[in-house]
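Take a look at this one; I'll ask things after.
The chains carry the letters A, B, C and D, assigned in the order they are written, with residues numbered from 1 in each.
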Amino acid sequence: MAKAHNITLLGAGLIGTFYTMTIQGQRSRDRIGAICALTEDEARAFARRWGIPKWTASMAKAVNDPDSDIVIIGLPNYLHKKAVTLAARAGKAVLCTKPLARSAREAMEIMEIVDKAGVFAGYLEDLVYTPKTLKSIASVKRGALGKVLWVRSRETHSGPHSAWFWDKKLAGGGAIVDLACHCIEIIRSFIGKKVRPVEVMCLADTIVHPIAAEDSAIALIRFEDRAVGQFEVSWAFRGGMDLRDEVAGTEGTIWLNHFLRTGYEMFTAGGGKGYVAEKAESETGWLFPVGDEVHELGYTNMFSDMFDAIDAGREPTETFLDGYIVNAVMDACYRSARTRRWEPVRLERWYKGAKKAKAGPAKKRAKARYSLIKEERMPDGTIKRLLQDWKTGRVIQKVKGR
Amino acid sequence: MAKAHNITLLGAGLIGTFYTMTIQGQRSRDRIGAICALTEDEARAFARRWGIPKWTASMAKAVNDPDSDIVIIGLPNYLHKKAVTLAARAGKAVLCTKPLARSAREAMEIMEIVDKAGVFAGYLEDLVYTPKTLKSIASVKRGALGKVLWVRSRETHSGPHSAWFWDKKLAGGGAIVDLACHCIEIIRSFIGKKVRPVEVMCLADTIVHPIAAEDSAIALIRFEDRAVGQFEVSWAFRGGMDLRDEVAGTEGTIWLNHFLRTGYEMFTAGGGKGYVAEKAESETGWLFPVGDEVHELGYTNMFSDMFDAIDAGREPTETFLDGYIVNAVMDACYRSARTRRWEPVRLERWYKGAKKAKAGPAKKRAKARYSLIKEERMPDGTIKRLLQDWKTGRVIQKVKGR
Amino acid sequence: MAKAHNITLLGAGLIGTFYTMTIQGQRSRDRIGAICALTEDEARAFARRWGIPKWTASMAKAVNDPDSDIVIIGLPNYLHKKAVTLAARAGKAVLCTKPLARSAREAMEIMEIVDKAGVFAGYLEDLVYTPKTLKSIASVKRGALGKVLWVRSRETHSGPHSAWFWDKKLAGGGAIVDLACHCIEIIRSFIGKKVRPVEVMCLADTIVHPIAAEDSAIALIRFEDRAVGQFEVSWAFRGGMDLRDEVAGTEGTIWLNHFLRTGYEMFTAGGGKGYVAEKAESETGWLFPVGDEVHELGYTNMFSDMFDAIDAGREPTETFLDGYIVNAVMDACYRSARTRRWEPVRLERWYKGAKKAKAGPAKKRAKARYSLIKEERMPDGTIKRLLQDWKTGRVIQKVKGR
Amino acid sequence: MAKAHNITLLGAGLIGTFYTMTIQGQRSRDRIGAICALTEDEARAFARRWGIPKWTASMAKAVNDPDSDIVIIGLPNYLHKKAVTLAARAGKAVLCTKPLARSAREAMEIMEIVDKAGVFAGYLEDLVYTPKTLKSIASVKRGALGKVLWVRSRETHSGPHSAWFWDKKLAGGGAIVDLACHCIEIIRSFIGKKVRPVEVMCLADTIVHPIAAEDSAIALIRFEDRAVGQFEVSWAFRGGMDLRDEVAGTEGTIWLNHFLRTGYEMFTAGGGKGYVAEKAESETGWLFPVGDEVHELGYTNMFSDMFDAIDAGREPTETFLDGYIVNAVMDACYRSARTRRWEPVRLERWYKGAKKAKAGPAKKRAKARYSLIKEERMPDGTIKRLLQDWKTGRVIQKVKGR
């Protein structure tokens, strides 16, 4: 039978719960062998709930558990580097939750640690792995949209649960670091991961919550092929968790709704109680649950890719280099929010052997004097043509066949 | 580690493919060990495509493979009984695709075969296991809709691929046998599986295809608690595969769309080619794919339930008794379509120890003379009450507090 | 300038309000000249609110107002005949709200009254005139769906406001008389108004409200061309007012949602107050208002058709004959609900000169032995054909070009 | 009867057709008395089609028609000033289509012309008047969303029909001038028309069509109360005409879809032919028509407001000042697209007596050391509070009641 993994999980919060539900869900052959939480009590409770044989409050002990071959990091951002260091030292495969780090500099340090140790490293960016996203990306690669011109990725809700998210120093920022990391990777996946993000313009603000970090941001990202990415993130959105992506290309468009409108609608006057969905705002009235959250949010496909990659000795779809690039784009966003200008994305590392992407469907400044804008057959059988006259700058109309 | 299963799969058609994708998908620990197809060539091709070690055109040989502990039947309806017989004789767990049989009589024979052999038997009704359906059923059980009054289940497309589906004798009927089996079980799951279906009124017709079987049918099913189920099935629907369910109760409603509107919308002018979704009608224009078909259609949860049930020594959610009841309801539909009357559902077997369901929110014919229909506080502070006067049969209005 | 009308309106309830908003809305040239309500006070208040010059509690006085040329009846069902009689006697055009009467017999009497008087008579069935419905009917007439096979019309909410609706004697019934009259006319409009409804099978029940009338019903209506209509009506639906229609034909399908999902979605945590929409259930959470109710519900187009018809001396789209047919179908529904059998629709009058509709796409029992079910080109270049063999009853497969 | 208007219409293109359908539609009392087109032939054909008594190719003659009291300008942008001049000189009310001018300077000149002449002037921005938009704005004004924080307005399709749109000099620009004028006014209407737009950041590009003007643009608009508007316009979108608006506030959200998803869905395999909707891309497959375009796009409400304003001697909702502000915002967008910086919106005129809007829900930098981020009651009965500590910059957690 195919290889089964024994995993050390660091972190027993919401993300650790989702990871565990996924890894031990359905007919999976992999198991969490050890859980590390903040306190011994929390660790024990989590272990009992999920049937995990070992628990501890010591990160080192958990990482060095002799039975586990993979370390999964589901910890607050400020602990990622420490955890990666321990895992790399133990020579184990390491999978780290998003964002990889609090800054591109820290992400680079993390990359160097695993590079030196030569261990497998996967970046746990789940939203790139949702079933709809994977299938859409495949369609885009087959050319269903022609050349991709624009991608919008929106991720908004009313704010996270845990305290550290709200702490700018521990998290590395606010809504951008929490949410835009998803959006950036979704945008890159549709435009093409080997197309360089060139510069960003970002507007960030703290409009609702009394915090030092930003609670809302919008940014435009320009890529070397002239495609544009656009993200909208917020901790101030009311109505639930809004996860939507839109892609437009020369030949078509894709609209994805991952959470609030997925063909599952319920009205209840209040007879029943129970969990509706992550960040749902109410338990009565019209509600919009999702079928299977861990699957719809991409966790299932993400861990399948990661573990299959380990088994096959190949790279996973999302690597630490991807995580680093995401951090670099977010760094540029923070700079732009301060300078109020387009800021370059500073990338000290890129894909080996990647070619520069060709500029997209450029403004075809004809060498000849005229460019054809459109041609239509009219009801009277004549052909109407609109032409850009580059010499005069005017648009002229020609009718043939009269 | 938890037990892994080695499976003999009978049938290498569309359903066999879906089953294999599911059972061997993601990080599953279970594997198909042997495939039996109609011909040796088909079996070999299927085995190669899916990495199955053994193949054969002999059903007996496949069933009796010494490595396998489960036999899965993905065969045309007319072969179910023969296959179950072989599996039962081999003393193996047997899982049979829907419908269980071509008639209640045949279903009863099949049940008796596995009962006598004492083997585990599961009914592979996938649409009861879709993530949306499972979660909805859980909400209903918690009381979110109050008392369920009405369930509509619709399953329509433009017709099946394989020849045997169209052959009334091999299939046992047409669109009802193919599609209504799903609807009936969805309806029962929402109303409560232990609530008896009492009688049916069915309209069946052959309106588009030149076949002996019905290509469209609508039916009403009355349950002992006065709830009503309604199915609409057709092989004559244009626009793709339409799978929708609606549930209405005294306190709320649920609307499920499993296929054509799930938050995944794509327009393509034709640049790309590729599989869109089961029974999609076109490859350009506005398309509505689904994210992960085997998951969205319930296959993943279905096999998890079946294999977990085997491992735990418990009954699966869907048993051969459920399959038998579905066949009994369909038999009543065929009778009703002929007699054009309400026909009783004849059930020779029922759940052991099940109590009769209480009648639903009955017309409360008050013992007192008046029943309160509604009471409203008016803008002027008075209370307006509408009362049914059972003696006169009239509705009267009373205003208090003037 | 085109002719402007002065109208006597009978009835100052919800329907009278909608009618007035429509008739005096936008840049209309027509005006309500006199309003008749139950009491002088109500009439005066209504007149002031809407700028109507005359008010009264006397139906005769209102109808005989010398300035008005049209009488519009927005009264409870049991007063329709009396009001029509007065209007006919006054020699004025009469427009009557739905349903025309409490029974086909009463509808026939009403028709005979206007026939003898020779006055213009229009049946105010608004939902046939919604912008979406009118455009859809036009598409169907142009053949966009091929032959119409099935129409579903659903109208459900949590129950009407006024007392008389709940009173079986005053209203002529319950949810069927209130709501199915809309559905039947929608169904007829899609199938073709000159296609005879032949018979109905109806299930009616009183499942939630303590009343003598039915609060829920489902019916199937068979037409002479084998098309099937299906209505679902209820006063027990939770979640708002659900108005949906679906049409399926041999070449396509149409799905209309008139109220709860029209591209207008709002979440509010409760900051604002105000009217959401007719029969909306709540004022917080996710709400689904409609843009312009009187337009979306068809009132605008309905009155334009009626007044234009009067001006042009032509029949309106909806006549008293249509109202009579609707009553006849509803009568058959009530009979069927009692007898639990298919009941014929008894029509004593029909369209003059209408031809019998041809039977729809019939089961083509080939005179030859075989009928072609489908033909597919396979990947290997061969042609696969499925044939119904009428002699043996079996489906056979033939492959050519190997 | 209320006053009826006789109108001179300048322009017989698509917009002139929509205006005529609206003004002469339903039971309107107003009539187009004279039509002016580019050629005598076009004018005559248009007049015949719509029952207009007079036609001409002379703008002066049409404007000075003795019977008309209103001049409506439905001409290409470069003719607006000339037409306004003629109408003002004739002392007639003038209504001008969007955009008011090709630049803020030209808009200012146009404003001054009508100011001097003292004639009524209305700005024909239809999309602010859609039924959904009007009702949404009313909800927002009642406080349903709390304080508005962000508005997205998207208007994209595959490009206009007439030649002059594509000509930068005649139109004053490309997609921004054609489409963003709508978006800007929608955004302003939701945020509050008296809240000043302060600065814009715009990205414009010519990515698909071989033209001198931009065919796509995205912009952010900052208002003095810290609300943000965001528009996305394009002539390169595939799939139809995409008109969507989203509004988010501190207490709720509104999502409007005006065109492609309005509860009207049709699949057709191609049996019928006919107009689907403005800028629809295909006639088969899944289509999404709108019910009544002139109503859904706001034309009906717009002309009612304009004509009612004239009758009442009040200002219309949309004035030339609004048109001027829109041009000023667009000018800033063009500057920003060139300089790649935030550019101030230069407004030489503003609403008389308007107060400066208060800054929105500002980052409440507490004077005290701590701000409360959130407070939750935990399952064990304790109260968990998250506090921003402004001195250290950290977020701390406090638990009470243990």
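As a working rule, a contact is a pair of C-beta atoms (placed from the backbone, for glycine too) under 8 Å apart; a residue touches a chain by one contact, two chains touch by 3 or more.
What you see is a predicted model; the values in this text were computed from it and never measured.
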Pair with more cross-chain C-beta pairs in contact, given A-C and A-B: A-B
Over-half contact-pair match to B-C, picked out of the listed pairs B-D, A-D or C-D: A-D
Cα superposition angle of chain A on its copy chain D, in degrees to the nearest 5: 180
Inter-centroid spacing, chain D versus chain A (mean Cα positions, whole Å): 34
CA centroid of chain A to CA centroid of chain C, Å: 49
Gap in Å, rounded to a whole number, between the CA centres of chain B and chain A: 36
Contacts with 2+ other chains: residues of chain A: 145, 238-239, 249, 251-253, 267-269
Chain contact graph, described as a line, ring, star, complete graph or other shape: complete
Residues on chain A engaged by chain D in the complex (per definition of touch): 145, 149-150, 152, 156, 159, 163-164, 166-170, 201, 203, 205-212, 216, 218, 220, 222, 226, 228, 230, 232, 234, 236-239, 248-253, 340-342, 360-366, 371-374, 386, 388, 390, 393-397
Touching residues on chain C, where the partner in the complex is chain A: 238-240, 267-269, 281-282, 284-288
Of chain C, residues touching chain D in the complex: 1-2, 4, 23, 26-31, 130-132, 134-136, 138-140, 142-146, 249, 251-258, 261-274, 289-292, 295-296, 300-301, 303-304, 307-308
